[in-house]
Amino acid sequence: MELRVDVQKNFGSFSFAANFTASGVSTGVFGPSGSGKSTLVKLIAGLHKPDSGVIIIDGETLFDSSRRQNIPVEERRVGMVFQHPNLFPHLNVKRNLLYGYRRCPSQHRRITLSDLVDVLEIGHLLDRGVNNLSGGEKQRVSIGRTVLSNPRLLLMDEPLSALDDNLKYQIITYLKNVSKRFGIPYLFISHSLKEMRLMSDQVLVVEDGRIADQMPTEQLALSRMGQSLTGYINILKLKDPRLRDELHAYPWGDGELLIVAGEGQPGTLFELSSRDIILLRRFPHAISARNLLKCTVVDAFPSGHRIGVKLDCGGEHLVAEVTLPAARELEIETGRELYAAIKASAFRQIM
Amino acid sequence: GDVNLSVAASMKDAVNQLTDNFAKKNPGVKFIKNYGASGALAKQIESGAPADIFISANEKWMDYLKEKKLMDDRSIGTFAYNELVFVGKPGMKVRSMQDLAELEKIAIGSPQSVPAGEYAMAALKKSGMDKELERKLVMAKDVRACLMYAEQGEVDGSFVYKTDALLAKNTKILFVVPQELYPRVTYPKGLTAAGSKNKDAAAFFNYLNSAEARKSLEQLGFTAK
Amino acid sequence: MNMPSFTSADYSAIFLSMKVASTATLLSLPVGFALAWLMTYKQFRGKVILDVLISLPLTLPPVVIGYLLLLLLGRNGWVGKYLLQPLDIRLIFTWKAAVIATAVVGFPLLVRAIRIGMESIDERLLQAARTLGAGTFDNIITVILPLSFRGILAGSALMFARGLGEFGATIIVAGNIPGVTQTIPLAIYEYTSSPSGDVMALALCMVSISLSVIILLFHEFLSRRLVKAD
Amino acid sequence: MNMPSFTSADYSAIFLSMKVASTATLLSLPVGFALAWLMTYKQFRGKVILDVLISLPLTLPPVVIGYLLLLLLGRNGWVGKYLLQPLDIRLIFTWKAAVIATAVVGFPLLVRAIRIGMESIDERLLQAARTLGAGTFDNIITVILPLSFRGILAGSALMFARGLGEFGATIIVAGNIPGVTQTIPLAIYEYTSSPSGDVMALALCMVSISLSVIILLFHEFLSRRLVKAD
Amino acid sequence: MELRVDVQKNFGSFSFAANFTASGVSTGVFGPSGSGKSTLVKLIAGLHKPDSGVIIIDGETLFDSSRRQNIPVEERRVGMVFQHPNLFPHLNVKRNLLYGYRRCPSQHRRITLSDLVDVLEIGHLLDRGVNNLSGGEKQRVSIGRTVLSNPRLLLMDEPLSALDDNLKYQIITYLKNVSKRFGIPYLFISHSLKEMRLMSDQVLVVEDGRIADQMPTEQLALSRMGQSLTGYINILKLKDPRLRDELHAYPWGDGELLIVAGEGQPGTLFELSSRDIILLRRFPHAISARNLLKCTVVDAFPSGHRIGVKLDCGGEHLVAEVTLPAARELEIETGRELYAAIKASAFRQIM
């Protein structure tokens, strides 16, 4: 997908301007409260009309003020999940879910009700009215309704904040799968850098009504590493584990990573915080960390009051994070050989 | 065939009797009766409402249609006459127009819209009472409302037609207004332009002039010719 | 007091009143809904004029409306002369004229009630429907219609009840013809203008009241179902 | 055509109509609001009966309502005999009677419009107000009243307009006394009763229409301000 | 505060029953979506009427079905923040904020507008209408409105989920301060174990319409340690730092902790994840971790697939987390001496 946006919109007390081109499947929209994130997606969906500018998706012009072109919302095939669930109060859960599906031309109908219902855990709600659902239940139905409309672009405005972690990651996994399987690109608004990391490849940083920056989500994560509690999150694709002791051993680089076996199936996608990597100059003797990897510094860069260290461990890359004094002591510089200690419990299975 | 009648509401009972009698003798005739205020009836006829015979409660609406060439001029004549009376509580000492000065409130029909009111006003003027009574008069919607005000005791007395006074329960006729004080109360009748071509209508119109019809009218308190 | 027995003309007045009031209401519903939608959601030139036109029948005495309709639909009126006569339709003095009179008089009530209902629909729901692919018409049918249902219901009840009581305009355009165009109010009028008619007039009033009670109960029932439907 | 000039009786009819319609509307507002609240938020025995009572004036022909009011307020009526006479208040045949007739006839419109407005208030706002310490009455004044303002506005406009057109009930209880109780519709009625009165009747109609245009414009203006007040 | 609740409520499709006594200032309510958290707080606020039961706050009966007692909502002085902001659309921001304040008897008015406005960062919004506020702005105004009503008990239903991290922790700090300074106890619903840890001392675990468990939040955190990404969070109170290298050195136990100096003032309250503590048997030489503490195992307990290790470090306690094999290798047992390595960047300043 290629999304070209160059729009201006004035609300009197607030003015908004954006000029960017987003290509790729998953784009995040990140920024503080009141910065204009919701405004941006509403402009793209057609719910706000820009004062001037153009909006083009994959060569198709949705809006062009100079040519007086403005494709109506309902013909844009742009699905939107709002911050507020906005369920139709006169329809039950099932009819809400199917509202967009029924309006989608049949050649585009690829996602079906039954898949979705399981992931969102709303099977028991299907025949209920929507007015007395709990906050989380409403939001799940709202997500389902939009996904089922089989849009060509999905705009999601903080869809997950009302949900607890388990459900949240399950839904993230599902949304990514759907997007991948059916080729639906999306824009995803979130306050959570973690959600952002999981959901998007590139990110639009919104500040004070402007797109202040556009960068790979990686880079955003790296730049905010110092401020974030969880640091930079390394994402690792692993497969075919062997069981060793009570741990799973996954082939990785030229060695193995030992990871605590979660309940359920062995995973394929894991995250690892930069904070969970301890660097040592010399090989330690007994250490609680199960993984001790020999690696080489590829790059070192400042991030807030800390130093980000990019490591090459037998062909694979990892980002670790150290303080300035530690960096000096470890004599961090490109080419330096170090040991990285990582606890087997530090890995978190995403999928 | 069908005969369409447009009849002033105050003539309802009289006309009902006459049509019933006529229909008995002429089973083929069906009456379609429309009762209302004379002005409304005239305007309906002007707008093309089906009407063969028009019986008005005063002459001005008959003249109105005549001017518009909607009536068969030759047929127009008087159907009946009525008399103006003054009703009030039995036992009240009111015997003449002059005695009205004693009263607090008197109802008359609205002189502009209600013929009975027009006649009553004329009588008041002629007897020189109009200035004195000006602030005591209540203008009613129609004669029926006049009578009802008196019946309910909202006014001390009302000017109404004799035919209406006969319906009264709580009031009675205190005096009959002398005829020299107001123009004669006339109910004109006529065949409309369309009605003159309707044989049954013409037959019924003739029947209205019959002795039998006159008897019915007099029973109800009207004066027939 | 013995309950007086109704004549066949009375029965047909009762029947006709119901027929006229419900026909007028049902015929007005789609038009009223469409106009309410227009007035609520659209900005256009002459909106105020349209609003005034719709509300006019409220402001004018029914009798005047009757006269105006008579002028319009009658032999010499625009509609009468150029539309009805060529098509050989006679309206004046038929029950259809009563329907038209009733519809015109009750229409402002219907439109206003639906408008109040529509104005309180959460706009975000309409936006959601649009992003889900519902075009204007689809949105009207599947969102605005059901969500303004209370207003429609209330408006219909108001209009029906008003229709049962309509007298002034009806007697002018439809005439007061027993068995043909005489509705309950017209029959009441007749009874009150003849001796000893009061009892019958009162009895017909009671019928009118009962009919409106039924309509109100039905309305309450539907509203409650609406609330219950969780 | 020369514009006919109004007589002083006509001017006082215009003035009286405005006075009567606005007094009736203003007096009915608090009562109408209270009843609408009761009907919307409370469940009680006899609710349906109250509903029917409120809606009755809609269902009955205005003239009948006039007669009923006369029976009630007149010298021998319950209210007249036991309340008005002891207090030495004379209502019948005064402009106050016109106000009462107009109020009674327009009341159902007012109450229904306010109810529709109230029914669409988000209940969660009322709950929020309660948790913030607002008791029932406080809630009514600070939340329900402003949020049903559109309904109140629409209801008042409806009622005022209906008041301008009220004829049947007024002419019975207030009489048709030029300069004292003759409102615009009564004056129109008089003009239409004489063959040459059409022009004047039409002129008065135009006045009635203009008044309602003003009211509608005012209503539109207030509604818009409501929307704009962001 | 002592809150006694013993209520039943049936909704047809869902039935709820709770029987607990909560004492203490800060109580969390934790549980999956649809479990009945919102229902519980609505029952306490009086917005739902229990089918039967009692609700007593500090000896004052709010509800007692057997005595037909039911204090109306508006007299309970129980403030509630809803999941949905529920702002009054006809009032501007300031009037919304003052709605409850004005209705609070003056002897109870202790929190004032100006304090609050700064913390919630809504000063620039005061004269705005509420209908076009952003999602986060609305929620902040909603929180402010409830706090300003100076309630004797605050019920907060996921108040923070619409907010970004910075603001979130700032508001948490403020809420805790307010609660402490004015002695206002609260019940706090959240999906986030972290928010829970920060906001509550004890927690009610809601499951399937029942109070499944009631325990110190510590214990909940410990028991969920294995499942949670951030592990168990150690909370440390520290003060009077010296600047050393570019780090702050805080006295702690019989030694010092080196912590990365954040922007702004040096903090007093820090969190440290159990995952961020690496245990070693022997003293390592160069290590990136700035803190190397000698400590003794006080207790070891299983948590999911891992072992929680409670350590005594010169008089202060810390909880670390290791995998089973690591535990074996380190020979974890009560009394064992170990080295704990903690990076200076692993600490996060809360206040």
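Letters are used for the chains, namely A, B, C, D and E, taken in the order the chains are written, and counting of residues starts over at 1 for each.
The working rule: a contact is a pair of C-beta atoms (placed from the backbone, for glycine too) under 8 Å apart; a residue touches a chain by one contact, two chains touch by 3 or more.
If you want to know which protein each chain is, UniProt gives these names: A, E = ABC-type molybdate transport system, ATPase component; C, D = Molybdenum transport system permease.
Quantities reported herein were computed from a predicted structural model and do not represent experimental measurements.
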Far-end chain from chain A, centres as C-alpha averages: B
Distance from chain E to chain B - Cα centre to Cα centre, in angstrom: 91
Averaged-CA centre spacing for the pair chain D and chain A, given as whole angstrom: 60
Chain B-chain C separation of Cα centroids, rounded to whole Å: 34
Multi-partner residues of chain E (at least 2 other chains): 84, 128, 132
For chain D, residues that touch 2 or more chains besides their own: 67, 189, 192
Contacting chain pairs - touch in the sense defined above: A-C, A-E, B-C, B-D, C-D, D-E
Chain B residues touching chain C - in the complex, by the definition given at the top: 6, 9-10, 12-13, 32-36, 40, 43-44, 46-50, 142, 144, 166-167
Residues on chain C engaged by chain D in the complex (per definition of touch): 48, 51-52, 55-56, 58-64, 67, 108-109, 112-113, 115-117, 119-121, 150-151, 154, 157-158, 161-162, 164-168, 185, 188-189, 192, 201, 205, 208-209, 211-213, 216-217, 220, 223
Chain D contact footprint on chain E (complex, rising order): 45-47, 72-80, 82, 84, 86, 88-90, 99-100, 103-104, 128-129, 131-132, 145-146, 149
Residues of chain B touching chain D in the complex: 37, 39, 42, 60-61, 63-64, 105, 107, 110, 112-114, 137-141, 145, 148, 152-154
Footprint of chain E on chain A - complex, ascending: 11, 13, 32-34, 37-38, 83-84, 128, 132-137, 140, 157-158, 161-167, 191-193, 226, 228-231, 245-247, 258, 260-262, 271, 273, 275-276, 278-282, 284-290, 305-306, 320-327, 329-330, 341, 343-346, 348
